[in-house]
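Per-chain residue numbering starts at 1, and chain names A, B, C and D are given in the order in which the chains are listed.
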């Protein structure tokens, strides 16, 4: 239950507050505004504000290309053209602001995307809540044997139980001690900015995160990808659903060209051409390393 | 007359298009939306969209500082505190999108502010209009004798007339030749991307420019400053008026701390302290160079 | 002749100044340092400084991935892996600083790449030289009939002569008038920041441009591309030659994966798979628009 | 002891590797290269590479301002002028690359400076070492009573002992459990990307951090400030010492104008002027709030 009854009442109140505007407005986004979409055991994403729509992308492209673009193509076609040719600036004309609650180890990955605006809850200034991410049993993955940076099968039985016990007990003990160190009954109480260092990386934090659509697509391409860590991918997936309602043409183009697309090297293109011409190509004749050939085949199989 | 009757009709139409939204809405900005504020002889700025208001700044700060901030201060006081202490991230939570028409030599200065999103009219793709900036007589400034990068008095009489004649004639001849080179009657016509090279830096271009409030304040601090070139300063001044209607508390803080404020070096602070203590300080005893001392005195006199 | 004898003497002097350093040093880049590589009729690029080499990329990747990466792969293989998987941060660990002389209309395209550091010659402060880009006859291209943003055949005969005459005469007249307006014999002289507005977009400017290798590759991918305007592509080509001497493994990977590679949409991948399976696919059965299908076929043909 | 004998041997080896270069070289920085400057109990900063020197700043400014700057001022004076007038781009022409080992809670503050390049040790890919920051007794500060975000006196006696016991025991228990969860003896072993979530914020991480001098000064202004948290300030202080050896003129200007300088609002300047004129000003007549007046007085007292 990431949202308390008090928070829900605040959200409901915000949603009754209607204004009149001449700005571009998207009914699908109005339906999302302020609502919490739950992610993981205590996390969420909430849309706090948005600027622009599919038409704002088209409008910006037409400022660039002048009258010429007006007749030629319909909006969806123009947006597909822009996406296909990496004309990124029109997508930068849309902006979204999210309120996100997420575990600290996810926040540490997320913040590496530098072209966004962030206001994070300050544990120097305030006291964090006792909320920790504990994986659901089906996400308690083993280390991959092949891939240093991946997951293998799911832990089972006693090993799973032991891991969950550790995570649960250590989180709560760390929080008990955090409170004890801060506590001031007859004592000075450790500074908040120091006490927080005892808290583990699965504690939840929260932030406002504001980003333009081009940079959001870049984030989603990397984080909604199957190689991304599950715990950040679920946030990316939740955001994808929102974006599909916000800018449906742009999102459809993004799905086709980025999420669903593939990229080949010069060597890879040689192989593709030879294969289309009917030739049997194997690793030896491909000019690729074993790893690259394995990845190439995986892409071809889809 | 920067706006044609057709364009005015489009603006009027856009302004009749009312929507209902739950987003933060600022009546003062709704009054500006789409309207052209004229700048120079053919330029303008127009607000195309905005996100957030004074309250969005406060809200973002409170996400960072938690419950503590709620009781302590009123909104205006909190915004002043953020501005005074260079806590810039809450100001990044507001965003504005402008449509700007401006001479190319102004655009070249403006674009140096990198943290913004831009879609400029493409002279590779489209044909530019015959519109040139010709200074009004009272802005036909002479080169400053003291300052390599400044203006002195206003040119007068024959010299002024000669300058205006040159600017007028050269601009129009360049444009005539631009059209001639593009013209395809029985000829191939030079590529647009080449023909544009004949056009002078006072031709008008236009762009959509989107920026967050923190970076906008940085732009305005530099460009609404008395040392900025007049031709960009008038754009900054026009934007200042819009921002004052958009986020009145933030703009008041910006005026007091940035536009109206001053900054001293360690040496300067020593002098200030000695002067408050009643000492007479001159350049020799200040430890400053002649130039620095001159600037220091100018700041003290205001 | 972009370089005067005085400038050449300065370059020669700088190249005799040898120092001892423990930093990563690349002999191939030492051979380039300070020398002018001529571009267009008066332009050049010069390497002023560089930081890092192929090994710096590998080293940064190994800080990220820890001991695991040490045994697995050789340096070239690791660099290819990073490029293939868009792991861009290790490439950001290399930095280059160039001195570039270029026409203003090229500078206007170039500056749109925001993630770089720039110091440009200031025409507010100083007086520009009388140097203009005049295309060589073989680059005097006609407007493309198909593509709004492209070039067709080369202009010939009288039309070519007329264009060259215009460019030459207008440039020089504009410069004559620029000097006249600045001139102060018994007059005030127009401020430099105003007089420059009479100068056309083919006048040369210059700047120091400093960028990291990741962002440089992004620039080169867009500007060394066959769709880029010829006048910026020649700069990108000249930089490519330098980069090949600086970080040969990284540049080889960039050539294979970016310059020589191709990208398909989800729809495109479906077609590729069907074609490899021996199916005849045409536009109707591809699910693509006419334009997209044309581009798809062009990519397949290479 | 942040550096193992093996690491020290590697550093010593790197420092024997001498090259010849024509690039700008700073003897003071050569003395720092690769060496570890210890910070906190297990942290360090090391200079891995640098580009440019004081002269590179001057050179870039002269590209901008042209010949005019040559005669007028000496280098130190020009650098002071640039700093005083916030001409930041010449400072961007210098670049430094550091290897930093630091606690995670410090890294989380540090990474908020977005305009830098970072490669961090990946706990998805590799296993972290058992190294935790435990404050020295004299830095075991109590929460400030006045300032939500500050420190008061030092904890003493039993309370101090209890805090140190908690930090020590919890860190080590968390690490024991981290190892147990990863351990694969007859078990699958939890994925590294999950196991890391049990580790507290005082564990050490490391990264390569590359930044230009302008953005480094911005970082140092905020983090070498007395309001910065002690545990990041010691890193900023260590970097300041390196920068003073790298670009002595620029650092001296930074110390005078930024670290040692002060800034006043418009209201503050009114008060300063009245005080210099001999008037007694108190809060009531200052127009400032109580908090602002307190800060104003603190600045005046220095």
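We take it that a residue touches a chain if its C-beta (ideal position, glycine included) is under 8 Å from a C-beta of that chain, and two chains touch if they have at least 3 such contacts.
Keep in mind that what you see is a predicted model, and the values were worked out from it rather than measured.
A.B. asks: Could you compare the number of C-beta pairs in contact for A-B with that for B-D and name the larger?
C.D. replies: By the number of C-beta pairs in contact, the winner is A-B.
A.B. asks: Among A-B, A-D or B-C, whose interface repeats C-D's (more than half the contact pairs identical)?
C.D. replies: A-B
A.B. asks: Quick one: superpose chain A on chain D by CA and send over the rotation angle as a multiple of 5°.
C.D. replies: 180
A.B. asks: Per the centroid of Cα atoms for each chain, what is the distance between chain A and chain D, given in Å?
C.D. replies: About 29 Å separates the centre of chain A from that of chain D.
A.B. asks: With centres defined as the mean C-alpha position, give me the chain B-chain D separation in Å.
C.D. replies: Those two chain centres are 33 Å apart.
A.B. asks: In angstrom, rounded to a whole number, how far apart do the mean CA points of chain A and chain B lie?
C.D. replies: The computed centroid separation for chain A versus chain B comes out at 35 Å.
A.B. asks: Would you pick out the residues of chain A that each touch at least 2 other chains?
C.D. replies: Chain A, residues with two or more chain partners: 65, 68, 118, 122, 125-126, 148-149.
A.B. asks: Tell me, which parts of chain A touch chain D in their complex?
C.D. replies: Listed in rising order, the residues of chain A that touch chain D are 103-105, 108, 111-112, 114-115, 118, 122, 124-126, 133, 135, 140-144, 148-153, 155, 159, 162-163, 166-167, 170-171, 173-174, 177, 180-182, 184, 187-194, 196-202, 229.
A.B. asks: Give every residue of chain D touching chain B within the complex, in rising order.
C.D. replies: Of all residues in chain D, those touching chain B are 65, 68, 77, 80-81, 84, 86, 148-149, 222, 255-257, 259-269, 272-273, 275-276, 278, 289, 291-292, 295, 299-300, 302.
A.B. asks: Show me the residue ranges of chain B that touch chain A in the complex, using the header's touch definition.
C.D. replies: Touching chain A from chain B are residues 14-15, 17-25, 30, 33-34, 49-52, 56, 59-61, 63-68, 89-90, 92-93, 95, 97, 99, 117-122, 125-127, 206-208, 210, 212.
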